[in-house]
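Next, two complexes with chain A in common: one pairs it with chain B, the other with chain C.
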Partner chain A sequence: MTSIARSVSFRAFSAIRSSYRVTVQMPRLDRRTFSGSTRVSVIKFTKDHEWIQHDPSVSDIATVGITAYAAHALGDAVFVELPNLDTEVAAGDPFGAVESVKSASDIMSPVSGIVVETNQKLADKPSLINKSPEKDGWILKIKVSDASELDGLMEASEYEAYVKK
Partner chain B sequence: MVPFAGYSMPVLYSDQGVGDSHKFVREKAGLFDVSHMVQHRLTGPGALAFLHSVTPSDLLKLSPGQSTLSVLLHPVTGGIVDDLIITLENPDNFYVVTNAACKEKDIEYIRTNIAKFDESSNGKVTHEVLGNHGLIALQGPLANVILQEYIDSTPARGKLDLKTLYFGFATYLDIPLGLGNVETLHIARGGYTGEDGFEIAISAKNAEAVTQAILDIGARGDRIKLTGLGARDSLRLEAGMCLYGHDIDDTTTPIEAGLKWLIGKQRIMSSNFNGAEIVARQYGDWKLVERRRVGFFVDGAPAREGAEVVDKGTDTVIGKITSGCPSPTLGRNIAMGYVKSGFHKAGTPVGVKVRGKVRDGVVAKMPFVEAKYYKN
Partner chain C sequence: MSPSRGLLRLLPVPARQLSAPTSRRTLTTLTALAASRTPLQVYISTSHSPFLNLSIEHHLFQTTSEQSIVLFLYTNSPSIVIGRNQNPWVEVNLPLLHAANAPVISLVRRRSGGGTVFHDLGNVNYSVCMPSVRFNRDTHAEMVVRALHGLGVEAATVNARHDIVLLPPGTVAAATKMQETPEGTRKISGSAFKLTRLRSYHHGTMLLDSRLEDVRSYLRSPAKGWLKARGVDSVRSPVANVGVGREVFVDAVVREFGKMYLGGKKMMLLDTAMNKQDVGLAPGEMEIGVCYVGDETLGVDDIRKGMEELESPEWVYGQTPQLTLSVPPPDGSPTPGEMPQPPGEFNISITANKGIIESVDTAAHPALSGLVGKKFDGGVINDHISESGCGRMEIETIDVAGTWIEGMLGRTKWGR
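Right after this comes the complex of A and B.
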């Protein structure tokens, strides 16, 4: 079992790089602005190619998925393993997996917290991960125990530079 | 491109994912660059006796031009040093293909065993590694149509009717490429996908031109795609074929590996090959075989190499998965691996541990997808 980052680097990378132009799509999730506050959803990225979207002004629940870049590199998902609800995870823990014909890749939790919801659509239709990794193919929602952990993750621009490296 | 055994290997081409690529081979045709495979020639009056000293195959059963899968065996343990394809051209000339990952080991093995070989009573044997050859595999239901069209598009038209070349046989064909450049292709019917197809050896200088010409002909009607080694792995697994270093290795005997069929009965009687002592004992008595290579279907998460197989009642470990993936053809998870004898019968329910959870599995017959060889 390998992390997405390892699977991604293992795969035929020259092929992927030449054919896939890196565009980091921002998850198109609700961005609410509250009166008197310009605070909007924070979207951060991990080195392991997960995204996490969180709006601390609304709740302590964040949405997690894998990036379009990772979804493309992993290939057609045929099975997505989702964790049980109420599972407690620490940042960096594997909490699920995406399986393609070629490989199984762990999905690591970007932050510490408790799993409060999983995307059941993925159980019936794992290909959602490829079709819409940053929207309908979200993986789970997590109750964030320490919001400051998000500060250590990458901004969209940093992630874009990271995958271009 | 992915580094493998010192080669840069095409695992995935950019126009297709592994699943689509796999299905294309089952429906039309795929062309694989397998030039990393190691091609050898063993010649001399002692060639047959030498191959009989290192493999359990009965090569006398081969007609000229016929091939067989075989195994190089460890002299003491009877473990598989490598698997290989041996083609008899005549009894003092054999064409042999071995695995790239075992290249150094195999060359050393052959050298050591030739040194031990009694040339004064058996005759001399010479070993040569064919360094300057490309090898492509053309596989799938349309492979024969495409290759025939290619042959007929050259001045070699009419020189080879593929209807006369059966599975497990090989032939040479001279193709004049112009300006006095004549390429002698070695065309073997067979492959590593379970489909009808060919493995074609081409000299390095003409490998690209011939490959391109075949691709161009196959491109008419969108019948061919370059196929990466990722799809080759799922195709061979559906076909129930072993991958050396995973499903078979130095610690597995051919009997445990389910390769009893490649052992010659006569060879067991004479027992004059490496590892004969243990192989002959296992050949004669299944009770001496502690574990067996079998296929599995696994529910839910696909089981990959290294996953433990457990007895569902007691949770005791009874085996290990050596290869596994979701089967693109069947739409369910397939795997192969070893289980303790007694659990090896098709239909036996087992548990397979993936990411700490025991999944429902069942021992299954192989091949998972029926082979479609062109046989006489």
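Right after this comes the complex of A and C.
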């Protein structure tokens, strides 16, 4: 987890966010009741402005995207570079990139694992990442190799405080 | 290169942060300065290799200390530089670029975003890498504009696309940044950016005395009308040369950088460095370091590996977003009239992603399905067509079709 927990407090994009007011929109929690127990997806956030949604009780596959804050700061996406399926990544490795306003910005993997699905809608329509960064504009699904890595990531409230700093 | 070219001219710098061995001094100066906490670092390249210069830039981006602000200036030999997510078959006339009698022009894919630009010895690239938290897309374009104003180029300003432009002759720019520019404005510098959480850079070209007329034909792809491509399009703009000398420009930009971050009172520190006078190292007073870099930096593993990656066909061609070559042209596209036309009865659709053919519309020519998995390249496709024959097609049509495709796409390094 060292790559995520780097002890530096800078925030990328903060200087280009201009007058954007921070409103962190939360992905909808996926609550399902099954056999009397409540399963709750975990949603965590990284300092690199990604979100990861995972329900370890259902499967070891998590969904990853960038936050509304990041999507706004980057500006209009013109291309989303998606990794090949079966790419194996370590937490903190770049596994894709968003291009906006002549800028290439890497997307870092929040956890270690293997890429099992990429959002093909983004290939045809990169602007989805601006319109719906935390829902339809998800970037990929990853088979998590060590679920405990999620513990080191930020809760929604912590992330909100992080981007407001 | 003489050893003194790479000598680190440090303005008072704590010796402990240098710890440079006395041998191989030209190499260790870059690694020492890049590894130091010197807040302001200036690197000037003596190499004209676009691959080496972009690798040095990337190395500085990845290794310089989190708080430092790094200016890097370099000039490349003739090169067409496409953006990270662009398509060489769309942007570049590859058959012409690979023609036997073509002049040597490097095809380069950079790591930053944006569109295609041309570099040659009449162009200077400036690059500023800094903490993301302080980064702004215009800051250093405006710094360069101030340098130009100081050289008497008063029509220079930054436009809404973060590019530097020249207002029509006789105009004096009212500000270093203008959201709207009048008709007749021409671009002299294109900008692109790379952003990460901690560090970001802005790099830009500056057309001083570029032989733009030499390159125009290379930037028109014959295949463009037959391709439907994902990725980033170039925005074509009328361009102009500034008409000042390279050394004059480099000096002016370095001085403006110094003014901006050192302040006027400390400019003598910079003057000392730029005048190539070695000064004693005074621990604790380090403010700015100036370093000339060149081929000796290939001794740094990361730089050499980065250069090999940038030069590899896997990066230049294999990084290309999805594209489809189709005859007749893709839906809605007008048939490209001026381009050589394919032979009659020849309909085809070839889709490639990351430079590898993923699917072929095989209805008319079943043998073409053998192209799936092969590299998307004019030479590869032509050779396959002539070797396999194509179903019901007449022999002459097959040959003509293969030759036509190679004429559109070129026989590139990627196919070899």
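List of remarks:
Definition applied: the second predicted complex is superposed on the first by the 139 of 165 C-alpha atoms of A that agree within 3 Å, B and C clash if a C-alpha of one lies under 4 Å from a C-alpha of the other, contacts with A are read in each partner's own complex, and residues count from 1 in each chain.
Basically, a contact is a pair of C-beta atoms (placed from the backbone, for glycine too) under 8 Å apart; a residue touches a chain by one contact, two chains touch by 3 or more.
Just so we're clear, the structure is a prediction, and the values are computed from it rather than from any experiment.
By the document's definition of touching, both partners, chain B and chain C, reach A:Val78. Once the two complexes are laid over each other on the shared chain, residue contacts for A:Ala97 go to chain B and to chain C alike.
Touched by chain B in one complex and by chain C in the other are residues 10-16, 78-79, 81, 97, 99-102, 104 of chain A. By the touch criterion stated above, chain A contacts chain C in their complex at residues 8, 10-16, 47-49, 74, 78-79, 81, 84, 97, 99-106, 108, 123-124. Chain contact summary for the complex, chain C toward chain A: residues 66, 83-85, 111-115, 131-137, 161-162, 191-198, 200, 230-232, 321-322, 354.
Considering their complex, residues 1-2, 10-15, 17-20, 22, 228, 230-231, 233-234, 300-302, 304, 325-326, 328, 333, 355 of chain B touch chain A.
Contact residues of chain A toward chain B in the complex are 1, 10-16, 18-20, 75-76, 78-79, 81, 94, 97, 99-102, 104.
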